[in-house]
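Each of the next two complexes has subunit A plus one more chain, namely subunit B in the first and subunit C in the second.
Showing the complex of A and B:
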């Protein structure tokens, strides 16, 4: 009797589910606020930005913005040739941004993997260590940036003190201006973002069955061999996602260089978002700023495209 | 072997942090004076930081702005993610795709037209928009809303549909089903969405540095007052600055630790802090 009821319930549920999903009209009004907001604050500004990039909109023409002269591709040509009045050209910034995001990702990947392997098996105090490993990542970026600005201060910052005490460098290395500023930015960023890879790898490690390692051990595989033949191949999907997301978010990192170096930064550390910011909001050259941000976006689309492909939208269950 | 590794990592993490704590307890006049050990512990930094910059006001602004942003984002995302996860309709995939795309758009690219439009509206209508809480909150939604929608979508997918059908049979409208059946189930997801969106707002510097004024500035912008006095030739009160940084950063760390187990789930679903 009871069994029958359950079976009946399941049959009914199945058909009703179909009715609910397919025949019933979705309550569209519920999605309207989200669509409306996103249209007004993201989509429309996006197109305004494209239009602006073809005009000479600046602090003088904004009062009569409809008459801002249309200049075609001049902003794009300027972006690649001379750039903003202060700092680097967009082409130089592009190079800084690409090397920054690729280099940091390359550095944090092994660090994150090693950290995840260290805490993957249980030991006394693991919860504490795991919490400790998260701290650099969860501290707000502006706090990290202020911290590293101080650590890299010339003459008395901890980095210079340690380097000179070990006779590895001068007490006056000048980390925050000139060519070293790029490396100061990379070091600070590596310190604050490696736990991202660590978290992703940790999540990936949960999915690897212990049996694999056991049979590998039986076959006489060393730990190193197991790592390269089992762990790394099994981690490939999540690691791919992690590397893409990391590259994307590093490319967009504005806060760290903005606070570490102030504006305008040395050309060697003038990443694209910062350059767009200075061009737009300090020299008020909105047209040029928009052109530079579009160049950024087009570049970002390359990793973003692969990211969206990896997520396989539409395959997930509704 | 593992022990050595963990010690190296622990030093790597804690040496900079320990130095920050140390400087936060060093008298301002002694920072950079040659010795890294202060002559006495200057608890005073934690007192005077409230006076040197309007830290309490800044923290209050941050709480208001990030709180309203997170609340709005969570509510709007709740409604939209329910429709997207329970129904198939034209434009559904486009909507989901645009949520992801929006998270990859450089924020500075949106700030620029938003700023231009705000200035034009200000000039045309003679109203003041830049510096208002509302303006900052709406612009924060540019990153908080796509993030919140995407995060809630994965929570929504994990809620069984059976209960809702029971509610439907009892004659509830879709909205009643959402409020009475789905909302209590998804409440943990809502809390996580709220907290993460709040923290996104808390950490923002870009939008706040352009769209706030001295009265409505967030703590992230307020702390820069210390640094900018140095850039304009004054002395930087490093001791106080470190004390204030810790004050604005440590609560965030504690909140994150509290929600630690949700972070990994959120990350694996592709929702990442910027």
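Showing the complex of A and C:
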């Protein structure tokens, strides 16, 4: 079948198939601005980082950085062996960051789920409680960090005072240096980030039909059984996404340790973003900093890839 | 024959016309700009945390309007950095991209790093005439403007000589008549004022701070006759016995003499400040006049004074051979112009520097936030600038010792902070052993040596 179309004063003949195909073709040109921005903001700097990681870019060469001396893999070797400012090496920092992000996510997940379940049923003052739960999340990170720094102060911080009053610890328990600094960072981050899981789970709970619970109840299922057989499986896709985003977000947390401990921090709290920052911007070793970043990127891509595959997030969240 | 569709021809013509018009407009607009637009000057300064309102008022309502009245073809804007980190990263971005602020306000110890980037104008003799001449400034301050007088990149803007601030009430209560002149007296006086049961300590340390610790250890090392870097700037000497001794002495305030609280191990400068302001601390070394406004709003208002640092090392009757009576580093802020600033803008930048370093403007800086004038003429016939306290700072400035002029100084500061942090870490966790300071300084020495330009 053919149709007559008047195009620019001329009669042209198109088949219906041609017209439909033309109409159905995705307008790829509309993504050109996004692709351009991605190129400028992500791709180009990424390739510059790769280039930088093979150079001795420092305060003496930054003015003409394209001509910084080429040093091969030296920065990569230093990244594994030498710490920034006598701090942790990239490998040590990577371990600190991985432990920090995984532990924080492990702690905030049950808190977030329980909080979401609590406010998913209607009760008087629910709106107020929901708003209250969001306070730690909406507080700026630096406010959170300064507050926790004060709380963890040795001798006169509230944490030491309470521990000492309850005979659970010495009033001279150092939280901002030494091994405890890692736990201070975890506690502060758990406090501020659990509402993220809460929000995601709450959104997921809204999507579960009440009919499912009703049927289960009629079949004699207990609340606990309903939770494990209905709620958790239905939340799996969104919870998986939340855990992935949470882990990555904690891994990249820079502000909290930067403000809580200053630079350079204790090696136990020397997370990778902070280590890269000190190396690059405080000791002017941009080449080494770039090498450390790239090593991290490669190492982080491996679990992220398997994690996403395992959860089949693409299919299920679609 | 297949002919081109009319819509394509039309669109191609339109696009062509647009491109031609744009091409024509660009040089025209550039010309128009050059003819009619005033010179836009952006000044990048440090944030005044103790009195931001006064700073904003000073720039917006006093300095800029006054300057623009005298230079109608220049429009000045100002922006600020709120930390040394931001100062660092903004400078790095500017020198790498060749764009950014037109005038940088740089901390004096940061000038050598800026010089190492080769991205700032070396002022010519003519430029110095434009900014008022070298004689306008306190001479010690110029020693960190560049490696030598013919290679100065920084023009002093104001000075911040250091001294020791002490609590006069605690001095009276302990029966101490005068501030200590030797470090032995310092320790003895601090012990008299220390009373842990009342949370009162003779002095305070802040090993978690990124910048305070090196100043004290450096000054003491100078008094012992050493430095952090050799005079020819080729060799790092953080492992020198004098430096090791100096750092040991600083930590001995906690370990041996018990004149500081163990709580101090996590302190940054702001924490130490808070303790002093609460009246818990007898003496706090290496502090400058900028803390005066804050002290006047604290519990120690009217009960504090400044004194020079002791200059005779602990256990000695006089300084050893080569020891210098160092009481303060050359400290303050310099103004420097990046090389991407050229032509009329460069001239305008020089005019601005000339403007803000004149006595009236220097006095405005002092009134707003306590920065001491860099121009000796500002002190003439000015009662406010001739109090005993200010005279003590000016006297300290006359004996200020410059830190080594090397591009690696920034690295050294950070790595040194790593050492103090690590020692504090060990002390807090009871894992410190005698000799750890020496081995950590040795490791730091190797790291800083790598960043020295050979």
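To be clear about the criterion, the second predicted complex is superposed on the first by the 250 of 318 C-alpha atoms of A that agree within 3 Å, B and C clash if a C-alpha of one lies under 4 Å from a C-alpha of the other, contacts with A are read in each partner's own complex, and residues count from 1 in each chain.
Rule of thumb we're sticking to: a contact is a pair of C-beta atoms (placed from the backbone, for glycine too) under 8 Å apart; a residue touches a chain by one contact, two chains touch by 3 or more.
Computed from a predicted model, the values in this text were never measured in an experiment.
Peer 1: What is the contact status of A:140 with respect to subunit B (first) and subunit C (second): first, second, both, or neither?
Peer 2: Touch status of A:140: first partner only.
Peer 1: Quick check on the superposed pair: does A:176 touch subunit B, subunit C, both, or neither? Answer first, second, both or neither.
Peer 2: second
Peer 1: Touching A:237 in the superposition: subunit B (first), subunit C (second), both, neither?
Peer 2: neither
Peer 1: When both complexes are superposed, which of subunit B and subunit C contacts more residues belonging to subunit A?
Peer 2: B
Peer 1: Touch check for A:207: first (subunit B), second (subunit C), both, or neither?
Peer 2: Neither subunit B nor subunit C is touched by A:207.
Peer 1: In the superposed arrangement, which partner chain does A:262 touch: subunit B (first), subunit C (second), both, or neither?
Peer 2: A:262 contacts both subunit B and subunit C.
Peer 1: With both complexes superposed on chain A, which partner does A:282 reach: first (subunit B), second (subunit C), both or neither?
Peer 2: A:282: touches subunit C, not subunit B.
Peer 1: A:58 in the overlay: touching subunit B, subunit C, both, or neither? Say first, second, both or neither.
Peer 2: In the superposition, A:58 contacts subunit C only.
Peer 1: Figure out whether A:114 sits in contact with subunit B (first) or subunit C (second), or with both, or with neither.
Peer 2: In the superposition, A:114 contacts subunit B only.
Peer 1: Under the stated touch criterion, which partner chain does A:155 make contact with: subunit B (first), subunit C (second), both, or neither?
Peer 2: Both partners.
Peer 1: Touching subunit B in one complex and subunit C in the other: list those residues of subunit A.
Peer 2: 62-63, 65, 153, 155-156, 262, 281
Peer 1: Residues of subunit C touching subunit A in their complex?
Peer 2: Of all residues in subunit C, those touching subunit A are 5-7, 85, 88-89, 92, 95-96, 113, 116-119, 208-210, 261-263, 265-266, 268, 271, 407-408, 410-411, 414-415, 417-419, 421-422, 424-425, 428-429, 440, 443-444, 447, 451, 453.
Peer 1: In the complex formed with subunit C, which residues of subunit A make contact?
Peer 2: Against subunit C, the touching part of subunit A is residues 7-9, 58-60, 62-65, 82, 84-87, 153-156, 172, 174-179, 261-267, 278, 281-285.
Peer 1: Where on subunit B is subunit A touching in the complex?
Peer 2: Counting only subunit B, the residues touching subunit A are 2, 5-6, 9-10, 12-17, 19-20, 23, 31-34, 36, 76-77, 79-80, 82-89, 93, 95-98, 100-102, 104-117, 119-120, 123, 138-139, 141-142, 145-146, 149, 157, 161-162, 164-165, 168-169, 174-175, 178, 199, 202-206, 209-210, 220, 223-224, 227-228, 231, 238, 241-242, 245-246, 248-249, 252-253, 256-257, 260, 263-264, 267-268, 270, 272, 274.
Peer 1: Would you tell me which residues of subunit A are touching subunit B in their complex?
Peer 2: Residue list for subunit A touching subunit B: 13, 16-17, 20-22, 24, 26-28, 30-31, 33-35, 37-38, 41-46, 48-49, 52, 57, 62-63, 65, 114-115, 118-119, 123, 129-136, 138-143, 146-151, 153, 155-156, 158, 161, 191, 196, 199-200, 202-203, 238, 241, 245, 248-249, 251-252, 254-255, 258-259, 262, 272-273, 276-277, 280-281, 286, 289-290, 293-294, 296-297, 300-301, 304, 307-308, 311, 313-314, 316-318.
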